[in-house]
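What follows is a group of structures, each given as structure tokens.
One chain, chain A, links the two complexes that follow: it is found with chain B in the first and with chain C in the second.
Up next, the complex of A and B:
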């Protein structure tokens, strides 16, 4: 109160010729709500007064220059033709005599001249923070007709959240999946015991936690995702989706830019994998030759793009390619490498090539070291050229690892999200709802889901991508012989 | 034109062989440089580099065919010398930034090497068509001495150039971190301040991100290992019905694109009220990392001989005692690597963290650091300082365990 008094003294000094008494404003903590402060105003507006302005700030203020205008309450001579009501834009609720205030055509609350008191509930007040609020009568020209005397108030009312959506069905599904896994494993266990494999019956207890985790948190979400693809799920009615047939797939097929985003995904994936394998093999080959000076140092440096967290590298490359970034500084130019579609595409591909080489290099160095040196020595004596040695001896010996590793690289690159999201977010912009110039399928699905909120359509995209990858995974499993370990 | 007969036909001085290989490489590099020059729009340099490419191609053409045409050798030397003149000219009229000098070096060094070698007595003797045993002896002896050196030069050039795109950005990021102002520009080493490091270390938000990342990563590691160790052990040691099917499932899951699971995950976590919690991320990460962990551990358990366990079983150890006192200590290094792998995966994961935890006080480091680089108002200095602080421990761990990590990954990714 002391501060407020001081403030009004200052206001007296600065305004001087104000006619009316300051309105008597009191905060009523009993009527505060979450992020809302309730104030009662008692004031007899003078003839000059045409409106009240409500000012607020988180600091004490003596001049409206230090405060923000919260809302305006008009003072009129007649309320004929006006209705009482709550505002469309819920900035403030005002009441006269305990009833909602009249509103004018522009939705401003209206007070009849001669009214002695009115109340307002002011929204947007940070909870648990002291606020200073002042009601200032103003005349037709916006000049104040009284002194400014802010009062202190705060609302500590906690948020009343809307009840969470019903989670019972998800909980029930999860529980039944757990039970199903246990039942299945017990059945297999009994069968094993009957079949005489008593020793291994213990194994089921060991694998059950991992399998339950896998079933509940991988296979169930995938099934759920497939189901979502056939529903109208969206951000606006979460948890109330209903069957939608193949409509989402029609949307996917008809969406503008579907061919473009597919083609860019293919270009992105194949150019990356080709560059990763070719450059990784080149570096691995050079590094594993006998007598390379500084081998350990080179290997460590070349490993760094893999060792540094990927998101940090991508963000750093984002900076390098900015108009005031490193590349422009080196070249003495000021180009924006992510502004035009093709330059942006080339940029994201090159950055991802940079990121992926070390993994291939390390895996292939391991494989190269595993190839014996005898046949190379023999070839050397026979006068076989280095290139022929590489093509006819090294490559065939590497085939066993090159096939699976490049298919694995294909899947990794296809699913890569971070590089494009952190470099360009799919930009340059092409059109509303369309994939951007650098969007791949994966980043586009992300924006369909989380920028546009179309969960059903995004799920349909995911299913399409999944089918595409199942084809590749099938080839991968078939050709890599990955199941041979299982014997 | 009579081809040189017999053994002498393939006695070629190492210099000539090297030139045959390097001139096309230099021309290819110059093509890339030409592309960059087109971006800069400097016509003098474009013309100079284009001329150099032409000279190198022509010079390379002079080296093939019949070696006995003396004019070819002289023409090659003249072309190379012309290339050198072009380089000197470019250096005299153009800029002299590090990049300028480097690109001109790609003209000057091959050109001078070619000119020098083509005029050297060894090559002159070879080109004159000498094939008497004395010459062959001398030439082979010289090659034995020169070849390893030339090869070393070629490899070192390649490796240095491969390292440049790694080292230069790192130096630059370090410079951004110690330059005043939250901006990118400025020459390297022009000013020094530790303000950004002080800002980052002093800010409560960065502390929160580190704490969140730490909780999530440790939680993931512990939960992941508790699930993966028994499963990996069972897959390695027991033959039971459904084993192959289960193992196939573990491989299959690795191939699912994250984006398929992302949306259902998000909705499940939302329904269970696990958005904006560490628990939600821990659950998601430990299950997504599970397949690879199980495969890695299975590979390691496989390498422990069965006989040790059998002996212990005969001695009367229970199954748990065998696991606790024999298997676990023997596979401790492997478990450590798997733990490190889970930890790093969780520590670096971006997508799930971005979608699940949208409130600033639940950000993990990846989302937090990315939030420092929004579309406008990017805080590059603070970001660079934070990146360095976050990367150094991760990089040290990674380099220290690189062999084991690569091995483990190949076990999981490719057949062991």
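Up next, the complex of A and C:
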């Protein structure tokens, strides 16, 4: 039977059977807390009293059958061996003489017989609702030794809620960005009109939405990320970050394994881009040659890896490379291709190569088809070999597309997250507190931000990566001279 | 009716409608996030429980949102940061350890539920379950279920090899001997992902080691734990009885497809194995041959937490109490083999005498107790690293465990 029901039956059966006076219970509103009512109890327990039961209800009651048992306070003749203290989980906070009550082995509060008064903070009380509370002395059989005398009390202490996050500064920043874009474009438009360039004045209105979208959805988050890099933003105290200068960048520089993860990122990026371009170009070249039968079918098949969502392909490869996977079944082995650092690195690179070839192949196919056939026919007549045709005719003509596409490929691959995260999550481990063997800068930054919750440090990593990519892009474009070609 | 009369009549109508609408009290909306798999038995039982609550409490409108388990925590943190956290969320003890220290605008993410329950209500839960839902002084969830692992075996493979079934009296040497006997080209004696810390934990306490010291500091490094680590890794490195199982899924698949004789696994996979046609047997994990202590798996707990920023905490707590009530826990116990967290259900003969639940409940008595702290949540990754580095020979077990302790101490300072 339910404890409260059993106790209520026993108490009900014997109310008034004994002759103790009912305890004098008073509520102290000054000490009430949220969902807690503080009661002071004055009573001299008789020799038969072994415990006090606290009953409560949101309705007046004259019998415990109409109330709910709240808690029990034990009465003992000796507190020898018992300690005073706050209960584990605050099961019931009670005090004697202003000090925490003694507690027995089961964490019940204990009152020494002869103690004239004690007090308790009664939890579980609905706020803003009248409660009727009674303290009932009972003997060792659970029979009450005095009359029931409920008092009325209520706690109006309000709930402590998390303040609404202050987003005013974000709203103001976004509004400022929008206004700044509008003001800038208005100024440019007026300048055009003054300069007599009236035909282009409407163009500004057309670009306003795109510029606002770009400014709020791209520039603002980047700026915010840069700002975070100079703060102590952390998952442990969200919304309370403060400026900490270059400390995060110092942390980035001193991170164990930083050189290794940088080097692997470079290996990952260059090997992938090189393989994508080389194999993509090879396939495109083969498929654009005249006389190839079933060209459309080949292209469709080769496009499949790109057409299937990346995460499905990667998960499929993950399964194929498992010790119980397809590859081992074909080879008749039980190798774990992601267990050792170098095998895991090779596996993730090969999977990403497979994923990236179709895109390169399609782009370069289009470019190859755009090259006129006259010079190749002339070269044929001159007896130029196929290889020389490729090196001296095809490649120079593809430079205009190869440079930007490989630059984009570099940036995409550098920032690629899915392949590594879904294949290995950066593992296998190679050291404590270090990036995993297959972690690249991007997957490691994710780990710093969301596994370790160091938002500021992760933002500093992101700024470093951003600067690295900007520098690489600048040097690459400058050295390749592709922009001069385009002009 | 003239046009002039229509406008005042319409205004009067809207005025009266507005008054009536104010009188009608709208139900209190409670948004709940859960992590049960879509279409799973857990989700069906949860939906049934919520329907029952809604019927009993028409004044509370429950809005249920399913969130993928692995995204649960980060989405909750993000939502809390944006001020749109759900009122009630299902969290594990490990997750509580991960987010217990996080504050938004200076306040914790979760409501301390101590003030919401009476002492009698708190005492209805098993003390260890309540303990698992505690972070620091606060009680951040009401425990709804727990789970642990036992030794499961494929009786047909044992019969085929003429080997005796595992018993509750087995020692680790018996486990190894049987695994060796049963390992063939096709069958793995014991499918065990030896580099996964969760599967290593049962061996730690049995070998005399522990995860944390009395003050709650990392204490992975000990001769007992180092010995246990070498023993477990040798199952794969030296004895070759664990197959090439490198993940939880690989372990389960191997056993499910009849290619493993034994597996150390939880009740959550029982139906999956049974439905695959395996003649399934179960016994307690063996005793450590050296210390004589029984292997002690981690006991995982799930509970219902109320967001600190919820504006309907009373209703949310009411629903949390419903979802952890005896009736709902019974449904989950029989439907999903999750272990109850209520004292009254531990004396229910239908539960303790259940052929599946009984074994897991018995094993849970030997579970490794772990406080729900930030360090507990962090130590698995360090233990994984120690296992990996010991497995590949980069470090000895002792050195790896010492390094893990040092790294954990460093992480605590963040």
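Assume the second predicted complex is superposed on the first by the 307 of 487 C-alpha atoms of A that agree within 3 Å, B and C clash if a C-alpha of one lies under 4 Å from a C-alpha of the other, contacts with A are read in each partner's own complex, and residues count from 1 in each chain.
Criterion: a contact is a pair of C-beta atoms (placed from the backbone, for glycine too) under 8 Å apart; a residue touches a chain by one contact, two chains touch by 3 or more.
Here the structure is a predicted model, which is why all the values come from computation and not from measurement.
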- Query: Between chain B (first) and chain C (second), which does A:263 come into contact with in this model arrangement: first, second, both, or neither?
  - Reply: neither
- Query: Touch check for A:207: first (chain B), second (chain C), both, or neither?
  - Reply: first
- Message: For A:250, using the defined touch cut-off, is the partner it touches chain B, chain C, both, or neither? Pick first, second, both or neither.
- Response: neither
- Query: With the two structures laid over each other on chain A, which partner does A:188 touch: chain B (first), chain C (second), both, or neither?
  - Reply: first
- Message: Contacts for A:274 in the overlay, against chain B (first) and chain C (second): which applies, first, second, both or neither?
- Response: neither
- Have a look at where A:324 lands relative to chain B and chain C in the superposition and call it first, second, both or neither. both
- Query: Does chain B (first) or chain C (second) touch A:122, or do both, or does neither?
  - Reply: second
- Kindly classify A:454 by the partners it touches after superposition: chain B alone (first), chain C alone (second), both, or neither? second
- Task: Using the superposition described at the top, determine whether chain B or chain C touches more residues of chain A.
- Result: B
- Message: By the touch definition above, which chain A residues appear in both interfaces, chain B in one complex and chain C in the other?
- Response: 164-165, 167, 238-239, 322, 324, 335, 450
- In their shared complex, chain C is touched by residues of chain A numbered 3-4, 33-36, 56, 68-72, 88-92, 122-124, 126-127, 159-167, 234-240, 322-324, 334-336, 338-340, 427-433, 450-454
- Query: Quick one: in the complex, what on chain C touches chain A?
  - Reply: 74, 77, 80-83, 101-107, 114-123, 130-131, 134, 137, 139, 243-247, 250, 253-254, 308-311, 313-314, 381-382, 384-386, 388-389, 392, 394, 403-404, 406-407, 410-411, 414
- Can you list the chain B residues touching chain A in their complex? 10, 36, 39-40, 95, 97-99, 148, 152, 155-156, 158-159, 162-163, 165-170, 172-173, 176, 183-185, 187, 226-228, 230-231, 233-235, 237-244, 246-253, 255-268, 270-273, 283-284, 286-288, 290-291, 294, 298-299, 319, 347-348, 350-351, 355, 366, 369-370, 373, 378, 380, 383-384, 387, 390-391, 394-395, 398-399, 402, 406-407, 409-410, 413-416
- Contact set on chain A toward chain B in their complex: 164-165, 167, 170-171, 184-185, 188-189, 191-192, 195, 197, 199-207, 209-211, 213-214, 217-222, 224-225, 228, 233, 238-239, 282-283, 286-287, 289, 291-294, 298, 300-312, 315-320, 322, 324-326, 329-333, 335, 354, 362-363, 366, 383, 401, 404-405, 408, 411, 414-415, 417-418, 421-422, 442, 445-446, 449-450, 455, 458-459, 462-463, 465-466, 469, 473, 476-477, 480-486
